[in-house]
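Presented below are the structures under discussion, each in the form of structure tokens.
Look for chain A in each of the two complexes below; its partner is chain B in the first and chain C in the second.
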Partner chain A sequence: MPPELSVVLAVVTAPFAVAGVTPLLIRSLGEKTGYAGAAVAAFCFALLGTQYGSEGTVELAWIPSLEVALRFYVDGWALLFALLASGIGALVFLYSPAYMHGESGLARYYAALLAFMGSIIGIALAADLIAIFLFWELTSLCSFVLIGFHTEDASSQYAARMAMLVTVGGGLFVLVGFLLLAFVAGDVVGPGTSAFDLAAMLDRPGEMQTALREAGLFVPVLGLLAVGAATKSAQVPLHFWLPNAMAAPTPVSAFLHSATMVKVGVYFVGRIRPLFASLEWVVLFATLGLATMTICALLAVAATDIKELLAYSTASHLGLMIAGFGFTSILGAETGVFHLFNHALFKASLFLIAGIIAHETGTRRLDELGGLRHDLPVTAFFTAIVALSMGGIPPFSGFYSKELLFEATVEASHHHDLGPLDWLYPAVAVFGSIFTVLYSLRFLALFFGRQPDSLDRAHRPPVILLVSPAVLAALTAVVSIDPELAVRAIVQAGVDATAVDPGTHEMHVGLPTSYSPAVGMSAVAIGSGVLAYPFYDSIHRSIRSIPRTIPPIGANWWYDAIIESLADDGAWLASRVHNGLLRTYATWTLTATCVLALAGFAATGTAVPTALAGIDVPIPVALVLSLAIVAGLAVVTADSHVAGILTLSILGFMIAIFYILASAPDLALTQLVVETLVLVIFLLVVEEIPEYYQVSLGRVARDAVLSVLVGATAFITVLLTTDARPAGESAIARYYTEHAVPEGGGQNIVNVILVDFRSFDTLGELVVIAVAAISILTLIVMRSRGDESSVATEDGSANEPRERHETRGESE
Partner chain B sequence: MSAFVLALVVGALFALGTFLLLRRDLIRVVWGLAIVSQAANVYLLAMGGIELGGFETVPVLAGHGEGVPETTDPVVQALVLTAIVIGFGMTAFALVLSYRVYEEHDTLDASELGDRE
Partner chain C sequence: MTTVIMRTTARIVVPIVLIVAISLLIEGHNLPGGGFIAGVLTSTAFVIVYIAFGLDFLERGVLGRDVDPGKTPSRDRVVVAYRRLFTVGLAIAVGSGLVPLALAHPFLSQSYVVLEGVPLYHHLEIASALAFDLGVYCVVVGGLLTIISVVGAE
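Coming up: the complex of A and B.
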């Protein structure tokens, strides 16, 4: 069943449209705007639901000349991601009004959140590389606005800038990767199909890979796209922006920084997986993913703030998904898709619960919280479901997808010859999982144990705050009890779309009934985690001490060092280049222009045509032009202003005569009028300023060198360009010449062009002259007026006697 | 007509204009601007190909007859005409601006003005 273009377009544009009118909604609905947002999200969810089971491409022409189109590709994987985004979006909008109660700047908040939802649905459905890039960067922009929501807070600004630099910078890598991909794809997809059509490329994965390898671009494109995905999905060592992004309001953290935006990288890796599946792919993404999973799990154990713990845990789980997609077997696809689905449900819920805790107790510090089950019993119940799911404890949902990862690591060596990585991958996966169990238990422990004395009694949260996490926890519980239900509903379709050899395998998950290596690995991970839990505090302290003793081990340290040196170098460079002196600017601009132009000529190997070197000029022209140059020399050497103005006029009039000789009578007329006017204006102004202005010549030698450089560049450019001009009359000149009389009714072609064919250009020119005239008038007239008034107010009393005296004198 | 000579003239005018642009006296900077724009106009015209003046080469048609002769490029001339007028506006504005600067600060020395910031 092919998808409906109108439905797909409505889903993508509706959030943007409502984002545009958010300020009006805020005016009429106030804080209840969140419910309107929830309605929009639910609307998108329902529309996407109508496309359930459809597959195919629909497109709307956008820039036909560049073959760029708003092309959408709907399949199981796209629907899974878009449904998650709109579904969780609806719950987050429902949660927001109560959480954001009393905050200012809600219009910005809801507009950015809606625009974000539109962009994320756009990424999920887009099949055109340019459209994907645009939506990709739009999500980064919305994330920037939302992280920096507390504009007066310095740490919030710092975090927003960091997220912007890292994710938008990563987006640029993606753009270069896309352009290279399109460069290769042009030949593969054949004529008639756009080179930016990702869906067409996915139809021919084998040919694409061969073509990429033949062009020598396979590894570069893979690397560029991997950098983009790693920045977006917070993979080591580019993970550091995600914990900082927790400066955003908690609903934003739940929506952008756990459930959707950070999964864009994972989603995209899953999307392009069939194109790139190879040994390089496995080594790159499995290593990247497992390293992130382990390092971020360690950092989560070192966290002191509940949102920080969840942020590192999110990065760790994103690593798990990337690692899953990194393995080319069908198990890898199952891991990535199923864990993306499970994680979106339990992590969004956990963030919303963290929001409730912070909202009701006033603190987010782990060591200040405990025993919350007495005050928040309902929340505690939901937390148990989702936290155990996060830890991968059977029979909760996270267990099934983590079990798939273990199986994929064990089976990896069946598909590729990995050498020592063969046993390293399973070992690292188990090692990382131990810490996952540890921090999951730690989060759950917030509700158990003794309540610290410093903690006041927590208030019961309003029911509306509990609805969203409860829905997500209930869904997690459903998946936990019957994982096959989720598989049949949506996950299988996602797996088919991301599998290297689709349609060959039916996915089955469930509690293990017999021993397998994966079961053993799960048992080791969970057992070690539970046994190590009593020593949580000492593990927590020892991990925290590492970055304190060796600061450069933290990626954040590198970020700060680089940004600081960039800012310092920028300030230094600006003070050198932008020093307020006109001649500095002129020097830099002219030198740079000349060097670039000459380098361009040299790089393209353009030779100066020697055939032109003859001096074949009629005597009148030679005379006029040499007079012009002599006049120019006289201007330069003139020692008084009047002498300079007169010689400048001689130069102008010589050029006018040159125009006469060069068959351009209209130019000559204009030039004569203009030169006369310029002379008059100069003479008028020179009346008012000193005749001999004593200014030392300054660095004559350096200026002379620069002038010669500019002159030489101009000389070479004129020679080269006149030489490259095609001989004979140009088509456009021919057109104007032939049509001047029949269409313009005039014999003077230049006149007809100016006032008839291109009259709007002439109108623009007149506007420029009018603006110049008004500015000149303002500069002269306003000055004298301002003087009068200032004299009257400032020196009014001092001038009074003299004025009276003068008046008397007149009357006498 | 020899492109070499035209290139020499344009190059020389550019060099002289640049030298003036780098002076400290603002009035001389305005002169430099004027010379550079004159040079640019000559360059533009040269790009269209220069024919020595004569009855057939001028882009003015003899009458409303059928035959249309080949003249010098009228498009380039229309461009340069616009450029001359715009250049005039720019020179006049720059000059009056310098004059106003002199009135305000009592100096025309660009370096002194730069130091005041």
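Coming up: the complex of A and C.
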């Protein structure tokens, strides 16, 4: 069944449209806007539901001349991801009004959240590389706004900037990867199909891979796309932005960490998996994923804050999915798809529960919380389901997908010759899982044991806060009891879309009934985790002490160091180039222009014509031009600014006369009037310039060199451009002369070209004039104000990054 | 520069310059001229007024308004008018481009009609490009005068 274009378009555009009118909604609905958002998300969910089971491409021409179309591709995998984003989006919107009660800036919050959801759905459904890239960067932009929601809070700003830099930076890698991919795909998909059509590429995975290898671009494209996916999905060593991103309000974290932003990378890896499946793919993604899974699980154990714990755990689980997709067997696809589904359910629920805990107790520190089951019994019940699912304890949902990963690691060596990685992969997977069990139990322990004395009685959360986590926990419970139901409903379709050889395998999951290596691995991981749990505190302390003794081991340290050195270098460069002196600006601008122009001539190997044959200068022209030269010399020797300017205008008028002699009346007229106007403006400005003063010999030498350089560049450029003129009338000149009167209706060909044939260019120039006028107005109006505020921010931002890093997590 | 000679000259020259500018605008399609050059020439006429009579002359002498001595030039009502002028100019230029879209031609297509037997002219050609040129003229006059009056007041 092919998908409906109108439905798909409605799903993608509805969130953006409502985001646009959010300020109006806020005015009429106030804090209840969240429910409107929930309605939009539910609407998208329902529309996507009508497309259930459909598969195919629909498209809407966008830039036909560049073959860019808004092309959507619907299949099981896209639907799974879009349904998760809109479904969990609806629950997050439902949760928001109660949680964000009394906050200011709700219009920004809801608008960004809606646009965010729209972009995620866009990525899921887009089949065009350009559209995917645009939605990809849109998610980064929206997450920047959402993470930095508390604009007055330094740690929030720090986290938002970090997320933006890392994910947008990764997006640029993706862009380059896409362009290279399209470059190769052009030949493979053949004429008539856009080279940017990902769906067409996915139809021919084998040919694409061969073509990429022949062009020598297989590894570069794979690497570029992997960097993009790794930044988005927080893979080691680019995972550090994710824990910082918890500076966002909790509903945002729930959305960001469970179903949306961070899953985009995983989703995309699953999407392009059939194109790139190979040994390189396995080594790259399985290693990346398993390393992330283990390192982030360790860091989650080291966390002191419940949201930090969950954030590192998210990164760890993303590693699990990436590793799953990294294995090219069908088990790999099953791991990735099924775990993405399970993780979205339990992690969104856990974040919302963390929000309830923070909301009702006023703290998020692990060591200040405990024994909450007395005050929050209902929450405790839901937490038990989802936390055990996160830990992969049978028979909860996380167990099934983790079991699939273990099987995939064991089977990896059957498909490729991996050398020592053959046994290393299963070992690392088990090792990482031990810590997963540990931190899941630790989170659950918030509700058990003794309540610390420092903790006041927690309030009962309002029912509306409990609805969303309850729904998610109930779904997790359903998947736990009958995983085959989820598989039949949606997961199988996702697996078919991401599998390397689709349709060959029917997926089955369930509790193991006999011994297999994977069962043994699960038993070792869970057993060790439970046995090690009594020593949680000492493990926690020892992991924490490592980055404290060797700071460069932490990725965050590198981020701070790089950003700081960039900021310092930037300030140094600015002080050299942008020092407030006109002559410095002139020096840099002119030198750069000349050097670039000359380098351009040199690079293209343009030969300077030496023989100036056929130059015939009438005597009047020669006279006028020699007068201009004399005026030029007189400018240099003028003893005051006014004399200099007046002499300069002699030169200008001589050129105007030259135009008249060369029968270009339009140019002459313009030159005359502009010359007059410029003369007046110069005279107005000249009063502000200091009188002549003594300058050092070095500066005179510099100016002399610069003048010669500018003169030489201008001379060479004129020589080259006039020499390159084709003999006789070019086709375009003939076209204009022939068509000016019949088509433009004017005899002044210059004017006809300006307003008729090339009026779009003229319109651009008009905009330039308007922008110039506005800029000058703004600069002059804001001049006095700007100084004070810029001084103030310089003081405030001198040593902020370090402090922000220290304070992260304690905010909100 | 506000000498008697300058003022007297300005009184005679400015109207001539303005008329030449307008003729350049209208005749631009067939004879040397056009919106840009007409706009620059009009700005020159205003500059002459500024030089001969001072910056506040337009508001005090022509419009008959009182001028607040402590005002900032960028908030000047005349400057506001200049700013409006280039906004209007851009609107005209873009609008003249949108009309052909409504008639199912590409953006900014131009056309013209020739009217025969018009009194006085006998043969009159009206080009749609004139509307676009008027936009160019307004943007140039508004933009240049904004810059000149704000910078000149410094």
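Throughout what follows, the second predicted complex is superposed on the first by the 668 of 812 C-alpha atoms of A that agree within 3 Å, B and C clash if a C-alpha of one lies under 4 Å from a C-alpha of the other, contacts with A are read in each partner's own complex, and residues count from 1 in each chain.
As a working rule, a residue touches a chain if its C-beta (ideal position, glycine included) is under 8 Å from a C-beta of that chain, and two chains touch if they have at least 3 such contacts.
The structure displayed is predicted, hence computed values, not measured ones.
J.: Which partner does A:Ser759 contact after superposing on A: first (chain B), second (chain C), both, neither?
T.: second
J.: Once the shared chain is lined up, is A:Asp666 touching chain B (first), chain C (second), both, or neither of them?
T.: both
J.: Give one of first, second, both or neither to describe whether A:Glu688 is in contact with chain B, with chain C, with both, or with none.
T.: Both: A:Glu688 reaches chain B and chain C.
J.: Contact-wise, after the overlay, does A:Val718 reach chain B, chain C, both or neither (first, second, both, neither)?
T.: First partner only, chain B.
J.: Classify the contacts of A:Ile769 with the two partner chains as first (chain B alone), second (chain C alone), both, or neither.
T.: So A:Ile769 meets both chain B and chain C here.
J.: Name the contact category of A:Gly744: first (chain B only), second (chain C only), both, or neither.
T.: second
J.: I'd like to know which partner A:Leu279 touches here: chain B for first, chain C for second, both or neither.
T.: A:Leu279: touches no partner chain.
J.: Check the contacts made with chain A and report whether chain B or chain C touches more of its residues.
T.: After superposing on chain A, more of chain A is contacted by B.
J.: Which partner chains sit in contact with A:Ala599 here, chain B, chain C, both or neither? Use first/second/both/neither.
T.: neither
J.: Kindly classify A:Val674 by the partners it touches after superposition: chain B alone (first), chain C alone (second), both, or neither?
T.: The answer is both, since A:Val674 touches chain B and chain C.
J.: Starting from the residues of chain A touching chain B, keep only those that also touch chain C in the other complex, and list them.
T.: Overlap of chain B and chain C footprints on chain A: residues 665-666, 670, 674, 677, 681, 685, 688, 747-748, 750, 754, 762, 769, 772-773, 776, 780.
J.: Chain A touches which residues of chain B in the complex?
T.: Touch residues, chain B against chain A: 1-25, 27-29, 31, 34-35, 38-39, 41-43, 45-47, 49-54, 57-64, 68, 70-75, 77-78, 80-82, 84-93, 95-100, 102-104, 108-111, 113-115, 117.
J.: In the complex, go through chain C and note every residue touching chain A.
T.: Within the complex, chain C contacts chain A at residues 24, 28-37, 40-41, 43-44, 47, 51, 72-74, 79, 83, 86-87, 89-90, 93-94, 97, 107-108, 110-112, 114, 125, 127, 129, 132-133, 135-136, 139-140, 142-144, 146-148, 150-152, 154.
J.: Please output the residues of chain A touching chain C within their complex, sorted ascending.
T.: Of all residues in chain A, those touching chain C are 665-666, 669-670, 673-674, 676-677, 680-681, 684-685, 688, 744-748, 750-752, 754-756, 759-760, 762-763, 766-767, 769-770, 772-773, 776-777, 780-781.
J.: Considering only the defined contacts, which chain A positions touch chain B in the complex?
T.: 579-583, 586-587, 590, 612-618, 621-622, 625, 628-629, 632-633, 635-636, 641, 644, 648, 651-652, 655, 658-667, 670-671, 674, 677-678, 681-682, 685-686, 688-690, 693, 695-698, 703-704, 706-708, 710-716, 718-719, 721-723, 725, 729-730, 732-733, 736-738, 740-741, 747-750, 753-754, 758, 761-762, 765, 768-769, 772-773, 775-776, 779-780, 783
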